[in-house]
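Following are the structures in question.
Look for chain A in each of the two complexes below; its partner is chain B in the first and chain C in the second.
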Partner chain A sequence: MIKIENLSFSYGKKPIFENFNLEVKDNETLLITGINGVGKSTLLRLMAGVLLPDKGSILIDSKPVSESKKRIGFISDKMSLYNDMTVDSLIKFHKNIYGLESFYGSLIKHTKIKYDQKVGKLSVGQRAILHLSLILSQSPDILLIDEVLPNIDAYLRELFLNELLKVISEKEITLVLVNLNFYDIENLVDRVVLLKDGKIMVDEPIEYLKDRVKKIVCEKIPGKLPVIYRQRVGNLDEIFVYPFDDNKEEGDFEVIDLDLTEIIKAFIGGEYVN
Partner chain B sequence: MRKNKIIKKGFEIKIDNKSAVPIYEQIKRGIKLMIISGHLKNGDPILSIRELASKLKVNPNTIIKVYYQLEAEGYISSKPGSMYVVDIDKERVKKEKHSFFKRETQEYIAKIVSMGYTPDEAIEEIKKYLTDKKREEGT
Partner chain C sequence: MLIKELRVSFRKAFNLFIVFLIVPIIYLVLSLFPGLNYFSIDGKDYLEVLLFFIWLITLLSSVFLGTSGFEYERRNDAFEYMLTFPFTKIKIITYKLFARLIILFVLISLFEFLYYFSSFFKKYSLFNPFYFPLICVLLFFLSFSFSLFEIRDLMALLVFFVYIGIFSLTFFLKRKGFYLEMAKIKPFFSSFAISLGVFAGISFSGLILTFKKFDISPFKKHLIRFLPYSLLPAFIGFLLNFIK
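Take a look at the complex of A and B:
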């Protein structure tokens, strides 16, 4: 279990988190989301031990992150992968550091990555795949993945996700994802955490959100609904409501179910508009 | 679901992410339908948790939940080596098949009635449709 307790962190004088708390259970797949600049990637980097908290603690099974680094795999497109090295020497380098048992060579087979190629010459997508194969070779039981997928082409993205799926099927892995393309990962996620101003605004199982976040289309907005975001389409109002209770609400409106992308868009849209 | 088995159109498991019906429930219904329609028969092995998760691109935790519930509801049972097989008797299949038929009929009638037709008109229309179809196939 990952346990974040009373965490405070700031960039210079700009506080990002103050007394922040979050727990991630073993074997859980958690999606962290929120508007740009809210601190999603910062939180992930703190969990990975790349950044250190000003105050508070991050424990992995009661041990500090610094003592658990071997268990953590962190993937981010902001991380440099030794651009001047060839792919081959990078793999050897990793083997020496982490004592890899087996390299996930099969993963880079059909990616046009050549072993004698300089890492810096790879495309964003190829780098992500190479990075994933190196990380998986460490056999981590916690995988932290920052938004690496948006810049990758559809083929490599599917390769990446299929490998992820295979890994979480084969062993118990705690997976924390930041803002990946929601459409791709919709059915991988167990739980969604939405950050706002350094705090958790929503923290719910995905099934609960799908049940309780609804779009309502109407000519006149019913007064008492908990609206999180609204937009006008022609002469109709579209409102996004949370939490919506199907059994309680009645009125002259149409209730529409949403997928994860639309749910998150509604929350984030509300952040910008309200 | 079963390896090397062709599933007739309309009986494959489809996931609708825009539905409020939870994913595990959608998958569960899909497998039940395969069993009561006879696509999967008693004793047939079904895909492992890992295989089905990969195939449908869902979290294995979801499939674990589905198989657990299907086992509890008496549709499948687990065998050594994390294998799952269909485990249901003929009478139960017959019963479930009939309640499926009843549900579909009720839904159809409710829709037709809400359009302003009477159930008798629906029956007439079904008869007419079937006669026309037979004639078409006959020629």
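Take a look at the complex of A and C:
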């Protein structure tokens, strides 16, 4: 279990988190989202031990991150790797660093990655596949993946996601994703955390959110609804409501179920408007 | 990790070695023409040339090995990848330092060995077997601290040229008779070493602290502000050379 307790972190004088708390259960797939600059990637870097908190602690099964790094696989949005190395030498280097005997090479076969190619010459998608292969080689218990998917072409993105799906179904892996595009990760995610001003605005299981966030289309907005975002489309008002209670709400309006993309869009849109 | 760092450091020193190999080669070529009356082809002279060559390589290596500390990660944009390795950040810095200090130690040992047999350069404090290695080590730590910054080469070379520049000026003034007494090199060297020591000490501990948090921007501002003050002892030492 990842346990973040009373975390404070700032970049210079700009505070990002103050007394932030979060728990991620074993084998859970968590999506962290929020508007740009809210600290999603920073939170992931703190979990990966790349950044150190000013105050508070991040524990992995009661041990500090620094003692659990071998159990963590982290892909940052920069997809940071040694560009000057060839794919082959990077694999050897990575195996050496983590004391591994074998490399998780099954993904590479499906791409056009050549082992004598410089890492810097790979496309973004190929880098993501290589990076995923490297971290899967170390059999991590925790996978932290920053927003890498939007830059990958459709074929490699599907390859990447299918592998993730396979890995989390076969092994007991905790997966934390940071993303702003949700249409292709909906079937991966168990729980959604939405950040706002360094705090958790929403923290719910995805099924609960699908049940409780609804779009209402109407000519006249009914009163007393917990509206998170509204937009005018033609003559009609579209309002996004959370939490929506089927039993309580009645009126002359149409209630529409939402997918994860629309749910997050409603929350994020609400943040910009409000 | 250590092997990678050793390879990078060796390559850096080897490149300098190859570039400055021109110095003994020029000497050898010129010595083939005794009519030019530049040099004799005495075996002892070869030793002096070799000593000068190793002195130059060691001095430059101390700067360039230092600035290469995080150069590879910076050039490759691989900081985050490196920081996910299953070591503490202090261990990463220790590996980097250790690999570079081994190479520097080999060069300094070679210099000390040749110095023992030398006669010509023993007259010059620039080759002092105590001060020279000290200044090399301090230059190395200072340059290493700068290796996290964009301006690392500029800052390290600035200190390097201040060192060479002040010494050359002292030497020049001495020859022109602008000194009151025989130029006392030792005050300059001691003060310069203090300057470098203070600056290297502060910047290196700053490097450790900022590297831990991986946010170098506030430290960079303080370091630049502090630079002129830290060089003050060196200038005091320089002035002391001309006091009876």
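Following the convention adopted for this analysis, the second predicted complex is superposed on the first by the 271 of 274 C-alpha atoms of A that agree within 3 Å, B and C clash if a C-alpha of one lies under 4 Å from a C-alpha of the other, contacts with A are read in each partner's own complex, and residues count from 1 in each chain.
One rule holds for everything that comes next: a residue touches a chain if its C-beta (ideal position, glycine included) is under 8 Å from a C-beta of that chain, and two chains touch if they have at least 3 such contacts.
Values in this document were obtained by computation on a predicted structure and should not be read as measured data.
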Sharing chain A, do chain B and chain C clash or fit in the superposition? fit
Looking at the overlay, does A:Thr29 come into contact with chain B only (first), chain C only (second), both, or neither? first
Classify the contacts of A:Arg127 with the two partner chains as first (chain B alone), second (chain C alone), both, or neither. neither
Using the touch definition from the top, say if A:Val50 reaches chain B (first), chain C (second), both or neither. second
Can A:Asp257 be said to touch chain B (first), chain C (second), both, or neither? first
Inter-centroid angle chain B-chain A-chain C after superposition on A [Cα, multiple of 10°]: 150
I'd like to know which partner A:Asn83 touches here: chain B for first, chain C for second, both or neither. second
When the two structures are overlaid on chain A, which partner does A:Asn162 contact: first (chain B), second (chain C), both, or neither? first
Gap in Å between nearest CA atoms once chain C and chain B share a frame through chain A: 27
Once the two structures are superposed, pull the chain A residues common to the chain B and chain C interfaces. none
Hey, which residues of chain B end up touching chain A in the complex? 15, 17-20, 22-23, 49-50, 53-54, 56-62
For chain A, which residues are in contact with chain C within the complex? 11-12, 45, 48-52, 54, 66, 69-70, 72, 74, 76, 78, 80-84, 93, 96-98, 120
Any idea which chain A residues touch chain B in the complex? 27, 29, 161-162, 165-166, 168-170, 186-190, 207, 210-211, 257-260
Where on chain C does chain A make contact in their complex? 1, 3-4, 72, 75-81, 83-88, 212-215, 217-218
